[in-house]
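Below: one structure in structure tokens.
Order as written gives the chain letters A, B, C and D; numbering starts at 1 within each chain.
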Amino acid sequence: MCAIVGVINSQDAAKTAYYALFSMQHRGQEASGISACDNGEILTHKGKGLVTEVFNESSLKTLKGDMAIGHNRYATAGKNSGNDSQPIAANYSLGQISVVHNGNLVNKDEVRGALIDEGAIFQSNMDTENIVHLIARNHSPHLQERITAALDKILGAYCLLVQSRHKIFAIRDKYGVRPLSLGRLKDGGYIVASETCAFDLVEATFIRDVRPGEMLVFENGEDEFESIQLFEPEPRICAFEYIYFARPDSVVEGKSVYDVRKKMGAALARQSKIKADFVVPVPDSGVPAALGYANESGIPFELAIVRNHYVGRTFIEPTQELRNLKVKLKLNPMSEVLKGKSVVVVDDSIVRGTTSKKIVELLRHAGAKEIHFRVACPELKFPERYGIDTPSFAELISANKTCDEVCKYIGADTLEFLEIDDLVKSIGDEREYSLVSFDGNYFIK
Amino acid sequence: MCAIVGVINSQDAAKTAYYALFSMQHRGQEASGISACDNGEILTHKGKGLVTEVFNESSLKTLKGDMAIGHNRYATAGKNSGNDSQPIAANYSLGQISVVHNGNLVNKDEVRGALIDEGAIFQSNMDTENIVHLIARNHSPHLQERITAALDKILGAYCLLVQSRHKIFAIRDKYGVRPLSLGRLKDGGYIVASETCAFDLVEATFIRDVRPGEMLVFENGEDEFESIQLFEPEPRICAFEYIYFARPDSVVEGKSVYDVRKKMGAALARQSKIKADFVVPVPDSGVPAALGYANESGIPFELAIVRNHYVGRTFIEPTQELRNLKVKLKLNPMSEVLKGKSVVVVDDSIVRGTTSKKIVELLRHAGAKEIHFRVACPELKFPERYGIDTPSFAELISANKTCDEVCKYIGADTLEFLEIDDLVKSIGDEREYSLVSFDGNYFIK
Amino acid sequence: MCAIVGVINSQDAAKTAYYALFSMQHRGQEASGISACDNGEILTHKGKGLVTEVFNESSLKTLKGDMAIGHNRYATAGKNSGNDSQPIAANYSLGQISVVHNGNLVNKDEVRGALIDEGAIFQSNMDTENIVHLIARNHSPHLQERITAALDKILGAYCLLVQSRHKIFAIRDKYGVRPLSLGRLKDGGYIVASETCAFDLVEATFIRDVRPGEMLVFENGEDEFESIQLFEPEPRICAFEYIYFARPDSVVEGKSVYDVRKKMGAALARQSKIKADFVVPVPDSGVPAALGYANESGIPFELAIVRNHYVGRTFIEPTQELRNLKVKLKLNPMSEVLKGKSVVVVDDSIVRGTTSKKIVELLRHAGAKEIHFRVACPELKFPERYGIDTPSFAELISANKTCDEVCKYIGADTLEFLEIDDLVKSIGDEREYSLVSFDGNYFIK
Amino acid sequence: MCAIVGVINSQDAAKTAYYALFSMQHRGQEASGISACDNGEILTHKGKGLVTEVFNESSLKTLKGDMAIGHNRYATAGKNSGNDSQPIAANYSLGQISVVHNGNLVNKDEVRGALIDEGAIFQSNMDTENIVHLIARNHSPHLQERITAALDKILGAYCLLVQSRHKIFAIRDKYGVRPLSLGRLKDGGYIVASETCAFDLVEATFIRDVRPGEMLVFENGEDEFESIQLFEPEPRICAFEYIYFARPDSVVEGKSVYDVRKKMGAALARQSKIKADFVVPVPDSGVPAALGYANESGIPFELAIVRNHYVGRTFIEPTQELRNLKVKLKLNPMSEVLKGKSVVVVDDSIVRGTTSKKIVELLRHAGAKEIHFRVACPELKFPERYGIDTPSFAELISANKTCDEVCKYIGADTLEFLEIDDLVKSIGDEREYSLVSFDGNYFIK
């Protein structure tokens, strides 16, 4: 799970990229980096941690110039990944290049294997490195041709930014699985970013989404940019952006994320009518759906679970007394509100079930009498393979248990997931979505 | 603005104090510290910053023992205060003592002046040091007598924890301006804390509030504690705890803070009926009142301002482009939701007016057509002097401008504050409150 | 073991104090701090660690003004001492005061006890706090009188700097146990410092030593300073300053430390003639004495033990393989030079004997055939009580073992200490010295 | 300028590598890193700074296994080099590989250019990356064959360690420009390191030097290692290792560095007889040569310049008063010793002349009457290109000025450099050396 940003034809481009990354880092962040190009030389600074941890005034100052691309990688459960930060900057036969990528290449192992067989070396575990190699190994004298040739060899969901010494190429795969939007900065520069909330912070104006299968070519110093439709679009935007991934103040493909989430909650409320004293969101991600649920059902909305946002990072080991500490450090149900009450709890998803189980325990401990757990997305039965870091079959609780079994496991009185149809209708059924996690229809393979 | 905690008769007392401080640090934190007593020696660790910044595993490990007291000081606008962290630990004629204090002594300058005239030295700017001196200068062979003698000389709002090598004394002034609650830990130990939300995290059971004018005496190794009513209670709990200061999941004097805030919002809604498309809280502090407003008025509730909780601390200076950055880093109004709409914005208070002004600007920029600003507390016309760090007359906008003038200054279409009466009714009119910021009735002087 | 500095009538006084402390921190440093006075307000910044760790550009910038005093405390084996950093700054009945102290008060427990009985509180373990209290408790309207009255009550070895809002008082006890020198800065300001090497770095000119029993009074804005002979001088400068404590490039009471150390080495060489292939110093402290030994004896000088100055602070625990790691990280004997050779090893002192034992082991391991250990100071039989942190009787190896027994313990072939007479002659026998560690003549008690 | 280390068949190999790097970091350090191999997976940790800054207990713990290679890069004046830390670890067609390199490839630009033309990407500025690419692009199924094929394509001075999942290959170029020595650890493992002082710290026994043109092949779990003479040796060890680069307690090609430096000093003394009061080394690097000079000339040796080893890193900007601060922070000449004296100052080299000029200034300021500057190496007239980071022609003072002009520039009374012949004799004239910096004979091109 990543977010990317590109800035061109704008003073202090790296600083604008920094702030854009800043506003997109709402799910923790494991690594961040920015490349900027000044006087024909691309410089890169990257490392582990939030953008505020990786950069300081002085490291940002070294990144001069009117062009910059940046990258956030969100916290992943996976293995230690010391060198896995982007951009990947390299010298190659046409000069210098820097690349950031949000998505996942499904044929990455084959491509990597073939590249390695041809003598390539890989210094990271990131599939972005595949793309840099493919560009470097092509023989065209034009970067643009090399990029398109490289794209012909890869399969998957991707949004890419490729920075040369004079240009930035912004590319979105033909399905448009991951979002990418274009905006204009006040000083006339352009910005391309994964989430439109980044535009708000840097005071850019949204122009339009990059189209599935489209490549935009920006040249430094040029006010106009070129649009090339590389592939016939077959749009299937990832439903997960609406469910969980995007910030509520982002607009994905013309739909307000906040608004979609409210509709999903409303759909959940229509699915089965239950009596309860109030609707409680799991903060912060469950809030809009809970609001939609409450509005639709007429059951009062209560913020009965308080989230501690000052958690920061504590490395102090808890005492024996303090169990479930990790969840409790973040979430505190109010027993004053919950005692003896029947509640509808709304969360955005159930992945492994462990956190939901702890939340139910905390609610019971706080005195809740009845707990009706409602999940604002369908059952996660299949691993997503297009850029969201969902776990394997073995770990996905809904891949292994029925809804009833999950309900028993987490300890709720009733449990319901959003129907796939309702999910689609909530986003808008005029188009198709990537729903692989729910229906296993791996349309890119 | 501070929070204090005391733990006694409990294993790993400092660790429990650490977690209690952790859950009470919801408003930033400028300094934190803990004293623990092991084998008759009191050790202290304190410093600038959040409790997670001041302590690490190894510094916490040095604080052994069954007794601990701790202190958080919240971010204050005031001057640099290098050494102003608590607890204040000292050697004195009966051995060792450590003291933490939440509140403000109104006669601190006189007491300090008198002490200095008698030859005392002050190594900090904190009024807590007054109390340590008063205890040290008394001649009784009993600490308890010295404490009561010291209390006779001070005037003000205070909650104090005094730790000797064997005891912890918990004292609340006769007005009970600042809250202090007693809980029991699972291992049989006791905990005293400013906010009951601390009990939730460390899994303590709320027993009761310390009473105005009461002193509790805990002895290490003793299961029973003593209660002494030092002063005739004249309860006037600070209304600000409900309005702004306490966490919503805390219970102050038997009243859920969350619930009181909702009532304040409802009262605001009854004050004047207006037509609007929805009610928008300023997150996070305005949320419960906005919810109450929405429920009462029937106007839909929308979380149309998104708060970025990953702000952390960025020291990167913004570019010229980025104005209003400080507020924008935190708050982003959703133009998708707001465009062309008439909204009621609910915040908990207006102090200087500068932040409210910027919020209105951001909402206008996001397209809001009409902005009805509603404040879930009365006009702040007088500086609070009992422990909350409100600014002076000159800086308090409502001390210098009428409601209409403030409305014009912040740029809203209409502006209303909660009536004092409604504030009192929201909390519960069976008792009296400290309302000095609103009515200037400085009852302690 | 400390070093102090005072700067007056000089721009950027705190910065000059910083650099002076910097050049005096040659033995590690546990704590450092500076007070500066600007516009009648004394501000202090202090903490644990080297002056380069405690201060950064921004913390130093807050310390504005023409007057500053500073303090270094050297690493002591003793107990954790969290708050024990100087200056001690306080508000008292004449305003504000800040004090630094190098030395030790022999009646500190009595004075502290009496002060505590009178109601004083002590927030540190430092005897400097005694002095601040004594000044605060006096009733004179003149600080100078208070200081002299305070001095009447204390016994011990001390160099003190007392800073008020307009003056700096520099005081040396009547024995002059610890050194204190006066210099002039290029901009006309004055500097007072423990070691003259501090003058070299800040390009000050040495004027003279502060005399035993003298108090200098500097007033801000005044070019002249006042000298008051408070006590009849009975000079007994501490011999340890020459042996071990001062930097070789310092001049103590008119004698070059480097020169004295060379003479001590020469005296050692005269004590008993032995045959050896070369003389090897234990770096860095044994180097000048070894040079003197080599010159006198005609035995070649070889730097056969190499010191690693990049040690820094490693917290990595050694493997089982790596024994004696702490000494080896610092010192590496060259086997190429030592193999099969007979060597005279010269060190400045033997305290507990543990390090000497390890050095002998390392030399044997490197192939040295014969090891004649020579110590450029007499046997340490008594704890120093006048400001140098020597350990107790039980730990001092020479308090418990004869020279022969120590020789056996450390594993040398022969061992000799400098005779007390030779020590005195090396420094210059025209005056008396503090020799308590060697002869137990505690002349202050 | 780098140092490398390899450890095989030894428990806690990374920890041993850490300590070996630790003892070799005597000239500051810009970057450090270690790769370790455990269970067939190579993990790498690297970064900017001293090994003590880049590693902590926990980062070192992740580097498990019996095999490790490590790298130090010394501070270079050159441009910022963010990603330029070694080892370079990569996935390639035979699995995983990690490489460290000390030296310089003279055909690196050609090789890099050719590789890039073939489609390779370079993610750093280090020539080490060339070698990894050459190995990856070969088609042999045996790593060893690939390495030898790669070596056929490179020209230059190099010591290489190549780590696969089961083996470590240690290679030295046929000239043996840079040193590489083999030792045995107590637990039976092997260690290969740039400097023998590393063996002392980790208690390894020196076995022999790796021979020019030799490749050693170590297999994990095997007690025996293989030796392959890849190239006919044409030994020309770099004279700079003796002059400046190696630690004095290292033995390079059987010659004690300390001993050679003393001989160079003695040769200087024979070059021209002058009268002087004493010989003063510039510490620490000039000490052995000064000692040799003093012994040969009979002029007394005095450590009249004191070095401050606690310098650490201060970022506080000096005041206007403090000129020449950088040199003064490190070096303080003792005026007590120098006043009115005629001195021979011995340093190891003059590169740009700026530091020597400041030293002469400081000595004059300290009162030295006559300053005879002696340099224990010949005039640096040509940039070294075989791994030592000497500056370009334009910056080398002796490439642009005669000895007399340099003497005038630095302000000494007389100046002499060591003759090339004497340099060679000091090391031992039974073999040839790399003397390119002095004679411009670039034997590898």
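Note that in this section contacts are C-beta pairs under 8 Å (C-beta built on N, C-alpha and C of every residue); 3 or more make two chains touch, one makes a residue touch a chain.
Since the model is a prediction, treat every value here as computed from it, not as a measurement.
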Those chains that touch chain B and also touch chain A are none
Hopping only between chains that touch, the fewest steps from chain A to chain C number 2
Chain C to chain D, mean C-alpha position gap in Å, rounds to 36
So, in whole Å, the Cα centroid of chain B is separated from that of chain D by 59
Expressed in whole Å, how far the mean CA point of chain B lies from that of chain C is 47
Residue numbers in chain D touching two or more further chains are none
Per the touch criterion, the pairs are A-B, A-D, B-C, C-D
Listed in rising order, the residues of chain C that touch chain B in the complex are 43-45, 62, 80, 82-83, 88-93, 97, 112, 116-117, 119-123, 132-133, 136-138
Residue positions on chain A within touch of chain B in the complex are 11-12, 15-16, 18-19, 22-23, 25-26, 28-29, 50, 52-53, 55-57, 60, 185-187, 197, 200-203, 247-249, 251, 256, 258-259, 284, 287-288, 291, 295, 300-304, 306, 308-310, 312-319, 321-323, 328-329, 332-337
